[in-house]
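First, the structure itself, so that you have it in front of you.
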Amino acid sequence: MNAIVFSAVWGIVMMFSSVFIKSKTTPKYLAIAGAILLVLLNSWELYSGAPLFDIDSKDMILTNSFNLSFLAVVHIGTLLFFLLNARDIEKVGEHVGEYFALIFFVLCGIALACTYNTLLFLFLGIEIISIPLYILTGSDKRNLKSNEASLKYLLMGSFSTGIMLLGITFIYGGNINASFFINNLVLGEGPLSPMLAIGMLLLIISMSFKVSAAPFHFWTPDVYDGAPTVFTSFMSTIVKVAGFFAFVRLFENSFGKVQDQWQTLIAIITVATLLFGNITAVFQQSVKRMLAYSSIAQAGFMMLAVFALNDMAREGLILYAAAYSLATIGFFAVLIKMNDYTIEGFNGLGKQQPLLALCATIFLLSLTGIPLTAGFQSKFYMLMATAQTGRHLWLVIVAVLFAAISAYYYFRVIQAMYFKDATGDPLVEDSNISIGFKILLSITAFLIIAIGIYPELLLGWLYH
Amino acid sequence: MSITTLIFILLSAMAVGSAVMMLLSKNPVKSILWLIVVFFAISGHYILLNAQFLAVVNIIVYAGAIMVLFLFVVMLMNLNADTEPVKNYRLHIIGIISGGSLLLVLLSTLYKGENGQMVQMQIGDQGLMDNLGKVLFTNYVLPFEIASILFLSAMLGAVIIGKKD
Amino acid sequence: MDIKAYMALSLTLFTIGIIGVLVRRNAIIVFMCIELMLNAVNLLLVAFSKMHAASDAVKASATYVSDAQIFVFFIMVVAAAEVSVGLAIIVMLYRNTHSVDINFLNRLKN
Amino acid sequence: MGNYITFPELLLWLPLVAGIIAFFLKKQGSAKAWAILSSFIILGVSVASLFFADDVKYASFNKVNYYWLKYIGNSFYLVLDSTGRLLTFLTALSFPIIFISTQQNNYKNPHSFYGLMLLTQAGLMGVFLAWDALVFYFFWELALIPVYFLCSMWGGEKRIQATFKFFVYTFAGSLLMLIGIIYVYLHTPERAFDDGHIAQHSFALQSFMHATLSTGQQTWLFWLFFAAFAVKMPIFPFHTWQPDTYDQAPTSVTMVLSGIMVKMGLFGVIRWLIPVLPDASLQFANIVIILSIIGILYASFIAIKQDNIKKLIAYSSIAHIGLMCAALFANNEMSVQGAFLQMFSHGINIIGLWIVVDMLEKQTGAKHISQLSGVAHKAPVLTIFLVVIALANIALPLTNAFVGEFLMFAGLYKANVWYAVVAGIGIILAAVYTLRMIQRVFYGESNALTQNIEDASLGQKFVLAVIVAFIFGIGIMPQPLIDLTKEAVNGLLAIKK
Amino acid sequence: MSNISALIWLIPILPLIGFLINGMGRKQLSKGISGIIGSAVILASFILSVLVFFQVKEAGAFNVNYFDFIRLSDFKLGFEFKIDQLSSIFLLIITGIGFLIHVYSTSYMHEEPSKDFAKYFAYLNLFIFSMLLLVLGGNFVIMFIGWEGVGLCSYLLIGFWFKKPEYTSAANKAFIMNRIGDLGFLLAVFWLIAKVGTTNFDVLFAPETLKLLTANDVTGITLLLFVGATGKSAQIPLYTWLPDAMAGPTPVSALIHAATMVTAGIYMIARSNALFSLAPITQTVITVVGLATALLAASIAIKQNDIKKVLAYSTVSQLGFMFLALGTGNYTAAVFHVLTHAFFKALMFLGSGSVIHAMGGEQDIRKMGGLHKHMKITSITFLIGCLAISGIPGFSGFFSKDEILAGAYGYSSMLYGIALFAALLTAFYMFRLYFITFRGSFRGTHEQAHHLHESPAAMTIPLIILAILSVVGGAIGVPEALGGKHELAQFLAPVIKSAAHHLDHTTEYMLMALSTALVLASIFAAWSLYKNYKASGEATGFGKVLQNKWYVDELYQTAIVQPLSALGTFFNNIIEKKGIDGFVNGVGKAVNYGSRQLRLLQSGQVGAYVLLMVIGMLLLFIIQLFV
């Protein structure tokens, strides 16, 4: 609740800040302050259990340690994102305050999508996430790529919204309780009634679209590639994991009881996602686009959480959210500084910018899932969760093999950084790289290692 | 056949027909107008279902606001001429086929499974203004507030995207 | 009236919307088709609400059928917001390219 | 356990910390000195640990168990037992040897080179010490990553592809093993921690050994685990990464790879595969043995045809490892004991071979048999050492390898006559390719390349002398080593019974 | 005298020490020093061996166990020595002749630079060490250690002049062929371990242990052991390395490839006679192989022109005789012939050595001739050797060979016939060699001619000693028929249960007379043919076949070596590169290809995306609702 209200309020604050504050550099401090407050408020609610703003949501919002701790991860991620990228957000365009405002609105939507208890809020949440993102994607107005991306995102996004609404409608129609509450859904015995079945299917499809799972992932590469890189970093991490959380929440609270009726479907989607993501990423020349595909690949792994839906999966999802977001945000932060986004652009970074290269390497290792990085722990939990279900064990093997393939493209970057020689001209403007940035990057890397060594740091939230 | 059925059929025919026309007409302005017809037909359905509030809102918001907005944009770009050289029929065929089969799949499932429940026509007061008003401002006040965020962001969007700089 | 009739109707409209998205290349028309899809959904929701109203299984809950119509209301709200943003984006695109063909811009691929 | 620091901790943390420190020693030569120093300290510790070799009496010195991820029933559980003792010693021993022998090759930015080397050592130690499946897996990968960087950064011209092949190969293999670990884990009994926490499952070795697995499950789990180990050893036909990697990697890394890393696979079989999946490993013993024996002959034949000395040694190593693997599965005391001895001996010998080859390559820039000739005139000492080591490598009596191979063959013979007969052909082939190499490279008239070749330096002489000392010491009196590993062998056989 | 048994370990260790000193200090030591050290250690262990011999003669055999080599729960292998009549005799041969040859070498190798000189003596000492280990070994494994050790030393010494590729190739050939035999030996050992769990001779040959072995076991084991023997003692099919081994310095050929190492096989079989006596099949095999070898080698020797090659083949054929004896269960005779053969063959090799020395490295007899007037001692001693090997009565060879022939006759007269024929050939080619080399007129170049001279004392004295031995050596084995009482047989009786048939004296006289007559005849033939030999052109017809050694080397080359190397190439180029590695890389290529194809789905057109989405929806629906 705190998160919802406060992020909304702070969004408005940011909005007006741009009216009263003329300087381009000031808003970021406000935003960072807001993010910090957000973290504090949310954690406070997490520990005390009592929200600051006590609004009677008529049970449309349900908070518990699980989704609050997830929100905490999201917020910390956002804070880190701000700290690392605030300067680059300023570079995108004139309306710095507005950008931050939109990001806070997105956070509000995320908070909704993570705590909703009725399909109405799922819908609203998703929309509040999407609409600002359409705008942010298009915010680099001069750049045709950005325009194209935002158009594609808009059209396909609203298309999937239509699908989702149809699904919600059918679920409502099939629910003899005539309610949108996901925990008030009458499934009945045996196979689902056609309406519920269709509704569930449509919801799976639309959610898969939001989390860019195959075969509904086609928007992802283009949008992530076209959008301004800072916002890509935000979209592909925070937003995506939030989408997964909403996905999991929907299914564990409503259709969790009839796992057997949709698990095969999810398995198929998972395999497809892993396939498309990993295989297509192999051949990319632009690192940014490669990361877009890799985000699809990682989504494939997160689908395992939806597939398994057990405690292991929940913990795994939080771990994954943290690991994946930290690593990707970090790596994007490095990528933004690069002058050339192609893989050749990284040649010899290890000599020119040892620290950046080292951190980038750690991020990539984490994404690959090398032990002692957070990435390994999260993948490990996902695999365990899947194995625990005891069904579709082949899924585990497939996932693992694709993980091996993923090494293929992540390591191409590492090879470029360390084992290839630079053309000579600097790959990075030193002016862009402040000491603070370096420190923060190292902190991010350190966090990844720390979580990798001792994941209970994070999971502790669930056990207290 | 009762009068209700007759009206239902008429409205349905009108909706579907003009939807198809919207799809077929080359001139954007024409398709906008056809779409407005569709909305009127749907509003008719609402009235038939005794959901006056929605009927009115539908007219005002959709037919009124949104479509006019569309119209403005089209005029602004003066796209009234046919701007879409039709090529690549194969894509069209595939599109129509896949869409149609989707429809078939859905309907066949539904008709197979559902024992058709009846829908309450004309009667029933829950669609009336005062009821909905009460519900909206008692149970649904939080969503109502939150919806404002949506508009704020839309507004910002207009500022960021639309504003010349 | 039988609910199946309403399902048939709104699914037909919905499908027409989908087909429109598939076959038309004018961004505005495509966007309109999406609006059509939303309307189809609205109609179905209202129909369902009346269907539940007819069935006495749910008489117990107080505001049982208004929910759906409120939902429709919210859908309209969202649609309005979406349209404003969408049209803004399309206009921006038109400014830069003088075209509203969705396939005109094709820089991002592979 | 205990409130004093234990051997496992020392053996693990010393190289780790030393490695991390080495990264910061940017001053010329300081990293090298530091690496040599610390490796000697580690060697000292390891030697000391040999005096506390009694698993029962000195248990508290050789065991350490911290809480780690206790919610999933994992703990940081290290034990220095008779299975791992010999290999930890080998690890501790080889690094000083490697450092000294390659001391005059100057690597660019040495601090990271030696840092990574020491990290590798830490990873290896961890593998040999871990008693917890997850910890084992961690170190298994941890040993791989530094090697990947070492090879790709300091290797030959085709290094990147070769090393990457090696990396993906092993990475895929170990991921399969990870699935195996997870699956076994989910069938382990619950484990109570000292602080009262109860985890439903556990990664500890004991729990793994008590996992309730049907024979059917064991059969496919076996291959999951075996995939990882087979790639690491490597066993035919999973070996193709090895020759290229050995050829491309910097020699000091190749020494680590061929001397110690390949033993990881065998060790995995000993420590995990057979104890955890005894039925399956009995069931598939024959397949594995046959595979290994095919590998022996296959690799030997190819070795005969090799012109590249490094690849030749690589293939010979494949053949030897194949023999050890076969022996491990032959399931009788002689063969297993032999394999244990041979793991150590092979490590020593092959490192010796690499030292000589490295000196040749460094001085002549040539690594092909056809390019070299008549080294013996210019570098007699070098030649003598090489001949001794090479002959040890083909198991001449009174050298260390003879004892191991003798026992292994005897054991194989017990298992099945034909195994011994066919594998025995490998002995002859080994002689063929080794002598061929010696004849072409060291005998004959010296040519332009070998005209002004220098003989071994003092440091190298010392190192090689140490190696030769080990060769004959073990060759004449193997009993101490046998006693060191006897418990492990009997334990292993007890499981299979 | 029992204190000797405590000093046994010195016998092998002393040469080892010599090896170490010479090996380590080969740069520092002067030729004189290293020569002295090298010879002295051997002398020392010779003296010890003599003492040991007498001790054994009085007190009988005894064992020494130093430490446990390998000790497992179910298997124990001691590092143990067994000193009995058999081994003590071999000790004498090895150290005695070894010493003489060391002395000889000090002058023969004098041209070598001092560090090679020291290296040479180091190797020689190492050889003696391993040979002693072989002989002393108290179980098969220790024996095997020496067994491979001597192989190694012969490898090192054959390749002593390692600049010449053909020499080193010969060395490799020798080592590898030995290895093939060794594999047989090893397998036999494994078989024993698997069956009876020990390789200790005493335990093994005890009747109760032998009971544990089935007939098949015995046959198999003995056959495998015999394979080992063929490798080491140059019998068919593994004999071809020995002639090539002549690449080494001549004293080495004398020591290793005539006197000691090649007799290891005979020693081993004699040592385990208890086992072989139980395996009639094996004995037949041995007989046949031995005889065949004797004949083949002899036939080849007739046409060889390299002085050392002739001697080499004669060695092979003599070894054949010994195996014939072993096969016929006539172990004593075999050992006896080993002894005598050691004398006269070493003698002749050293003689040839001194000839080569005089000729300045020339080995082709066609370029010699008439050397008798230049180097009397050599010539005479060589003649004695020839007489001995031909088996002229009174000379040592007569007794031993005669005993073998007698044994063969007792077995079957056919065997006797063939063996006799081989013996005649022996006489023929030896005297051919003698006449061509020492008689007639000199055919060498001019500078060779006035460079000719008798070798120095260090070389001639050993010749003389050996000549004396080859004359009187037979005395220890004079058969009853000639009023002797065959001390050797009596001495060996405790170790060897000789299974030779005993003939009545008349037949023995008959045989002796017959063989002597024929031998003299063939000597006469040789004399008449070669007394003044003119270097003729290349041999033709059958002679050519003989000259080319029945093309056996070529046969091996084409039938075994080339196919195998082709196999290697096939593995390397096809299976490895194309097959396995091809597959591995193929996976990578497949991924790349898939990547390139999948990218095309990403056409960048919204319409296409939506279409794909709808199709995907359709599929999911169908899967979910209808499947």
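Odds and ends about this structure:
Chains: A, B, C, D and E, in written order; residue numbering restarts at 1 for each.
By our rule, a contact is a pair of C-beta atoms (placed from the backbone, for glycine too) under 8 Å apart; a residue touches a chain by one contact, two chains touch by 3 or more.
Please read all numbers here as calculations on a predicted model, not as lab measurements.
Counted as hops between touching chains, the shortest connection from chain A to chain D is 1.
Where touching is counted per the definition, the chains common to chain C and chain D are A, E. Inter-chain contacts peak for the pair B-C, counting C-beta pairs in contact.
Relative to the centroid of every protein C-alpha atom shown, the closest chain centre, again from C-alpha atoms, is found for D.
With respect to chain E, maximal separation of chain centres occurs for B (centres as means of Cα atoms). Computed from the mean C-alpha positions, the centre of chain A lies at a distance of 32 Å from the centre of chain B. One finds 103 Å separating the Cα centroids of chain B and chain E. We define each chain's centre as the mean of its Cα atoms; on that basis chain C and chain E are separated by 98 Å. Averaged Cα coordinates give chain B a centre that lies 71 Å from the centre of chain D. Chain contacts: chain B has residues 91, 94-95, 98-99, 102, 106, 109-110, 114, 139-140, 143, 147, 150, 153-154, 157, 161 touching two or more partner chains.
Contact with two or more other chains is made by residues 120, 124, 127, 131, 134-135, 138, 141, 150-152, 155, 159, 194, 197-198, 221-222, 408 of chain A. Looking at chain E, one finds that residues 599, 602, 604, 606-607, 610-611, 614-615, 617, 621, 625 touch two or more other chains. Chain pairs that touch, as defined above: A-B, A-C, A-D, A-E, B-C, B-E, C-E, D-E.
Against chain A, the residues of chain C that register as touching in their complex are 3, 14, 17, 21, 27, 30-31, 34, 37-38, 40-41, 44-45, 48-49, 51-52, 55, 57-58, 61, 64-65, 67-68, 70-71, 74-75, 78, 81-82, 85-86, 89-90, 92-93, 96-97, 102, 105-109. Residue ranges of chain E in contact with chain B, taken from their complex: 607-608, 611, 614-615, 617-618, 621-622, 625.
Here chain A touches chain E in the complex through residues 151-152, 155-156, 159, 163, 194, 197-198, 201, 204-205, 209, 214-216, 218-219, 221-222, 262, 264-265, 268-269, 276, 279-283, 405, 408, going by the rule given at the top.
Within the complex formed with chain A, the chain B residues making contact are 106, 109-110, 112-114, 139-140, 142-143, 146-147, 149-150, 152-154, 156-157, 159-161, 165. Note for the complex: chain D touches chain E at residues 165, 169, 237, 239-241, 298, 301-302, 304-306, 333-334, 337, 374, 376-377, 380, 391, 396-398, 402-403, 406-407, 409-410, 413-414, 417, 420-421, 424-425, 427-428, 431-432, 435-436, 439, 442-445, 477-479, 482, 486, 490.
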